[in-house]
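One structure, pasted below without further comment.
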Amino acid sequence: MSTTTTTTAGGIQVVQPTVGSHLTGYWQRVRGGDIGSLAAILGLVVLFLIFGFARPETFLSALNFSNLFSQGASVIFIAMGLVFVLLLGEIDLSAGYTSGVCGAVMAVLLSNHGWSWYTAIPVALVAGLVIGFMIGFLVSKVGIPSFVVTLAAFLAFQGVLLVLLGGGTNISIRDPFVLALANKNMSVAMSWILAVVAVAGYAATQLIKVRGRVSRGLVHDPMGIVLLRVVGVAILVFAGVAILTQERAINPAINSLKGVPIVVPLIAVAAIIWTFVLSRTTYGRHVYAVGGNTEAARRAGIPTDRIRISVFVICSFMAAIGGIIAASRASSVDPRSGGSNVLLYAVAAAVIGGTSLFGGKGRVIDAVLGGAVIAVIDNGMGLMNFTSGTKFIFTGLVLLAAASVDALSRRRAAATGNR
Amino acid sequence: ACGNDDKDSGTGSNGGTSSVGKVGVILPDTASSQRWGTDDPKYLKAAFDAAGVQADIQNAQGDKAAFQTIADGMISSGVKVLMIVNLDSGTGKAVLDKAKAAGIATIDYDRLTLNGGADYYVSFDNVKVGELQGKGLIDCLTAKKYTKPVVAELNGSPTDNNATLFKQGYDSQLKPKYDSGEYVKGPDQSVPDWDNAQAGTIFEQMLTQNKNIKGVLAANDGLGNAAIQVLKKNKLNGQVPVTGQDATVQGLQNILVGDQCMTVYKAIKQEADAAAALAISLAKGEAPTTATGSVTDPESKKEVKSVLLTPKSITKENVKDVVADGFVTKEQLCTGEYAKLCTEAGIS
Amino acid sequence: MAATPLLELRGVDKSFGPVQVLHDVALNVYPGEVTALVGDNGAGKSTMVKCISGIYSIDAGSVIFDGKEVAIHSPRDASALGIEVVYQDLALCDNLDIVQNMFLGREKKRGVVLDEPTMEQMAGETLKSLSVRTVKSLRQHVSSLSGGQRQTVAIAKAVLWNSRVVILDEPTAALGVAQTAQVLELVRRLADNGLGVVLISHNMNDVFAVADRIAALYLGRMAAQVKTTDVTHSQVVELITAGRSGNIGLPPEKPSDFVDITPGDDR
Amino acid sequence: MSTTTTTTAGGIQVVQPTVGSHLTGYWQRVRGGDIGSLAAILGLVVLFLIFGFARPETFLSALNFSNLFSQGASVIFIAMGLVFVLLLGEIDLSAGYTSGVCGAVMAVLLSNHGWSWYTAIPVALVAGLVIGFMIGFLVSKVGIPSFVVTLAAFLAFQGVLLVLLGGGTNISIRDPFVLALANKNMSVAMSWILAVVAVAGYAATQLIKVRGRVSRGLVHDPMGIVLLRVVGVAILVFAGVAILTQERAINPAINSLKGVPIVVPLIAVAAIIWTFVLSRTTYGRHVYAVGGNTEAARRAGIPTDRIRISVFVICSFMAAIGGIIAASRASSVDPRSGGSNVLLYAVAAAVIGGTSLFGGKGRVIDAVLGGAVIAVIDNGMGLMNFTSGTKFIFTGLVLLAAASVDALSRRRAAATGNR
Amino acid sequence: MAATPLLELRGVDKSFGPVQVLHDVALNVYPGEVTALVGDNGAGKSTMVKCISGIYSIDAGSVIFDGKEVAIHSPRDASALGIEVVYQDLALCDNLDIVQNMFLGREKKRGVVLDEPTMEQMAGETLKSLSVRTVKSLRQHVSSLSGGQRQTVAIAKAVLWNSRVVILDEPTAALGVAQTAQVLELVRRLADNGLGVVLISHNMNDVFAVADRIAALYLGRMAAQVKTTDVTHSQVVELITAGRSGNIGLPPEKPSDFVDITPGDDR
């Protein structure tokens, strides 16, 4: 290995990597199977290739690209919350119906009681918090396995939904603010402004981090690499915005349709906040610790019960957001809201992204990437004109194909002793 | 939904002779349509209460094992009449057979159990429902004067036999148009479990695939609304006619605004009253006189004594009929921005 | 040295279901002294430690800290009192790296944000003081560490804090020659700084090298607590293996008590 | 503790317990939270009390008691297979639809192709084996997480079901043998004969076991305890048979109805075989080992991959049996077969019985007891005359109540250091 | 003793991702001899053992058993050759009891049925021979055992079989005085019966008490393989801590190779 400057971390001797050695190291890690998000990204690329070849004009259109976001948004929000629960090795089977119940709470307040969005949405979110607390309490303090608690909740919430909806009616939502959430776009100007702010923010945090380490004389990523990352992110973000700010209306004459969908910054903000919480705060550290080894965490004085409750609270809260987005997209709530495949898709999103069902391993970005995989499959399948039977079968196969990219790379990891 | 069903009437096992028996009703689910959760239990209960007949009305929540378990429970609690809306003909038949073996009179409500051999059948004509939808769409497309419009079909659940019958009905109207080249057949997909959220994605993809869709045959109001939301997003609502079924508040409102072309109103109260009347006379040990019609079971080829009601096509012009019928109240329908439209449509 | 013990156990009993592991155990830990806790495999040493640190609840008896009776229900309570423990079953989070493990439960922060550079620096210094030289990176997950490296991390974790009592359960079991010497030196240094130190070890050389007092546990009973200077190497071994040596140790009567036995379960 | 005879196990000194000390020991273990099946049994008792009070004449009738078995049978079979998968810390989300597919294979062969039951049933079972092998292979050899593989299968099998059933029709079954499986009873005489054989068999195995240990001079359960157990089992079995051989027809004139339902011996045989496999064979031992610590098992030379494949094969095979029983009960197969709550109920049955989702802990009897809990809840709820919404809510609450009996006792276990 | 080694490693390399842990390692294990493998914490001893037993695959080099080059891909392969290992990270199944763990993978059967009485009896005898006295029941889950008891079970598990090479990775680390003596005696006995024994230990007294040869690993390189009689206690310590002692050991040149370092990863 080529080494140049040698710095000391405290007292342990380590080597300050150069751009070259950093890249070599990364490549060796990848070859060793430690590929992080790369698998999900590769899976996405594979899917884009499959559907891009099968339906080039439609699948790869700007319209379809923008649809992807609102189609996937609800599941992604729910999956983000589930990541926390999964990090503790728990499960929340009721997350889907929690989203339905919270969506219904909002819809009932808006449509039947004439509340406005700025009161109805907070109440729906609080409903999520309360639900999460109850589940967390039963799991953590009473000690019932989360599978059973949330299965019970899964059943009970279907009932609550029916009761809320007066036995099964379909409640329409007309509040323009709520409807805009999942269905409208930002203006082109706003889109670009936000993109620039995001990239600048990213660059700043990267620089500050390196600065902090340099000033302590700790090993840090070489400046070249930091630059590379920032440029990479900038290209991705700007390319995305460029596509989404093109005119994509079916009838541009009647109706111009351009700009980044509003859900995109919503997802981005949620992902950034939760990533920050998980990776930069004590709380996040403790979540990983409890998930990795509850006993060790307890011995380190971490209030494991409170952490356990909190992840269910976060999960149900995010489910509430997911429910609001779903209600916005459907502009209505019905007794099926949050049912059928919503939960399985959300868990699958997290798992495909790389979150472990056994706890201790996972990131919020997994939910986003995995959710994207799920959304792309659903979206692409929708363009294929299969019969119901064939469609189910192909969806299963494509899901398997996307997941095996990840599995095959991780098998390498097992072979080389990494985990 | 029901009152206490205790002590007073004869307990099942000795049942059968003189006293008024109990009636068991099993509804299928609460998701395929709101009617099973709200309308049917309400009307049925009212009818039974009025006649002073005890009724146990339950819903199987779409779970066929639960459907059978409920039937077992009703049989063992000694009902004299069993009325079912099957989830599928197979379990329906299993339940009917068990009931008949226990000497219980049986009624198929709304959905005919194929080869089930129920004593009576009360329903709307489901193929007819589809036909009305097909005709309705054709009318709206004609009014829009589209030439060679592309028609998309958003079918009901692939696992619901009624959905198959609806499709049979509307395809019988549309197919000649496709064949003659008057219309162009667009995407044609089923929506698993009638799930509205999935319907939204499915229709969005239909539209992405074929931007020229000019008409949508949606099998019920929930699916129709899902399609309308997508059209709205693309500012195409109102220009692309969408059909529906069930005359839900949402559907009727969509019609008032002009986003939905039509819906099919099935006068559920009439259906419930007819079925309850049958059940009541059976429970009293009388021979019913109302089942004058008959339907041929396509599988067993046997005749089933029936009451068949006619579904009604609803457009902007006759939305008021639904309100007049008491199926939907003015308070429910004419909220907020719809008040004005209600007045325009002559609803008072 | 000091007359009043910093930490005192009196009459502690502990059973797991039908199996009684600790019988009426007493222990005194004095500030400024190293108390060696010795005993055969399965004598109950680790169980006793876990009773002190609140991992197990005790069935009877009392724990006295600084002259006051205390109730320790969880490791949080113990560390609030200033009791730090290095457990025999190390209990590290395999999914976290060395620095993260060392600061677990006491992360350094700047505002709400974790102060990673400071923690990394402190961790590096502590490890170096324990003669660790083969760690490749402080950001390595502990799952990839060697047995001795893991043990060093656990030790480093416990001594990073300002505590009043430090309990080390066989801390040098997996350590190399140099590292063992460092840890023993550290143990001595902690005591010299006025802390009460409990050292559990099977190595008599180590015990005699650093301990001021020796407490010998025999089949769940405290056989004897003596000053190191009052006993010989072989006397201690006798206490460990037989529960008594000459006139110190448990009374020889009631042999049935010594054979601690329960029904075999042949499911 | 009172001790009398002292025997040696090899060389380690242990004490031969008396009846008294055995009972004390058991009681101490129970107090310490090590209660085994007791929790599920207590849960059942609680449920019987609730429903027995609410609906005394119907819930506690012989007819309803016999209905319970055929109502619960399908889920119990599927749950038995799932126990194996759960023992390895894996999950099979597709077990429900596997049962549907296998049931459909049988129905199609019987009704559309005119096969007879003795060819159609084996083919359906083989379909189960093949499905299980495919899933196991993907999990074990390719390394895709079982959650993802079986989610893909869950989707694909819905499609397969639709294709098999020709797009959504349902297929009636008329074969009398198949219909008898879930719907008919044994004759009264046969019922008693089987009961006597079962009790005698149990007594014999218990005696042989004690004999074997006595002859080696190993500790063994005292004879008094063995006798007590045998008498207890005999009372339970004979009481059950006595109830089930009463006349329970609503109109005995039309149709006499008595005898033990055929599913009862089927469940019993399956439970006995799989219990034997798990507790008395090398294979079973290895399943526990791989579930407890895969790495330790691998180091002990156990072919962990093959074990992993095998549990999926067993699971799908049992699902196939469950599917056949469900088809028999419904006397038909439709595209929904094996869907809705079947899977969740089966997993819940295993978990409520005491099987861990994390692997290494569980028994086949868990599936039976937990399945009974689920069946009783469903059955009792069906007698309660609730509206849909209320029913969902109450089902959830009752499930929670039954599960918390277990949880509260296990909390004691945690407090006393047992796991 | 015997001229040809029973087990031989030649030029073995092993990396974990970017970290190379073993460099060109050679080792000879002779039948009838105890070979002590020593080295600092993190030197690579356990990694080497896992390479031999097929837990890790080697990147380069060869393993020669009984004169023939063999490919060991899994612990199954190793035990098929007659290689038994007691691992430092014990790897017991916590959900199984003592007897079940000891016979794991080699259960005794009568027909298809497990022969529990025989296994229980054999397990009891073996444990007794290892001075285990505090185990309450052979049907206790190993999760409830003390550290030393767990280690004894692992050792007993490995020596129950007729094997040709036994490798013990720090087997006495958690053991009490009496148990350690028993294990060392066992190690000697195994060698005297003609087996090849590899003993990893940080305890020089133990090493000099039983070993015929000493192999010293330094930062992943084999520093020296010598006869015990040819070296002194302090020479071995020097080999461990510095890689060379006088004229034996690694050449002093190429210091950069010795500082084995990799980029810190600050994710």
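Chains: A, B, C, D and E, in written order; residue numbering restarts at 1 for each.
Throughout what follows, a contact is a pair of C-beta atoms (placed from the backbone, for glycine too) under 8 Å apart; a residue touches a chain by one contact, two chains touch by 3 or more.
Since we're looking at a predicted model, the values are computed, not measured.
Visitor: Touching both subunit B and subunit C: give me those chains, sorted by label.
Guide: Touches both subunit B and subunit C: A, D.
Visitor: Where centres are the averaged C-alpha coordinates, which chain has the largest centre distance to subunit C?
Guide: B
Visitor: Report which interface contains more C-beta contacts, comparing B-D against D-E.
Guide: Pair with the higher count of C-beta contacts: B-D.
Visitor: What is the distance, in whole Å, between the centres of subunit A and subunit B, each centre taken as the mean of its C-alpha atoms?
Guide: 38
Visitor: State, to the nearest whole Å, the distance from the C-alpha centre of subunit B to the C-alpha centre of subunit E.
Guide: Chain centres of subunit B and subunit E, defined by C-alpha means, are spaced 74 Å apart.
Visitor: As a quick test, compute the distance in whole Å between the mean CA positions of subunit A and subunit C.
Guide: Those two chain centres are 44 Å apart.
Visitor: When the C-alpha atoms of subunit A and subunit D are each averaged to a single point, how far apart are the two points in Å?
Guide: Subunit A and subunit D have C-alpha centres separated by 37 Å.
Visitor: Could you check subunit C for residues that touch two or more other chains and list them?
Guide: 16, 116, 120, 132-133, 135, 137-138, 144, 261-264, 266
Visitor: Multi-chain contacts only, two chains or more: what residues does subunit D have there?
Guide: 9, 14, 158, 162, 167-168, 213, 218, 387-389, 391-392, 418
Visitor: Could you list the positions in subunit B whose residues touch two or more of the other chains?
Guide: 30, 37, 41, 61, 158, 192
Visitor: So which chains actually touch one another? I want all the pairs, not just one.
Guide: Chain pairs that touch: A-B, A-C, A-D, A-E, B-D, C-D, C-E, D-E.
Visitor: Inside the complex, what are the residues of subunit D that reach subunit E?
Guide: 8-12, 14, 212-213, 215-216, 218, 280-282, 285-286, 288-289, 291-293, 295-303, 360-361, 418-419
Visitor: Any idea which subunit C residues touch subunit A in the complex?
Guide: 53, 55, 74-76, 79, 85, 87, 91-96, 100, 104-107, 109, 112-114, 116-118, 120-129, 132-133, 135, 137-138, 143-144, 157
Visitor: Could you list, by residue number, the parts of subunit E that touch subunit C in their complex?
Guide: Touch list, subunit E to subunit C: 16, 19, 39-43, 45-47, 88-89, 116, 120, 132-139, 144-149, 152, 170, 173-180, 202-204, 219, 237, 240-241, 260-267.
Visitor: Which part of subunit D faces subunit A closely enough to touch in the complex?
Guide: 89, 91, 93, 138, 142-145, 147-149, 151-163, 167-168, 344, 347-348, 351-352, 357-358, 387-397, 399-400, 403-404, 406-408, 410-411, 414
Visitor: So in the complex, which bits of subunit B are touching subunit A?
Guide: 30-31, 33-38, 41, 61, 158, 187-190, 192-198, 200-202, 204-209, 211, 221-222, 225-226, 229, 232-236, 248-250, 253, 335-337
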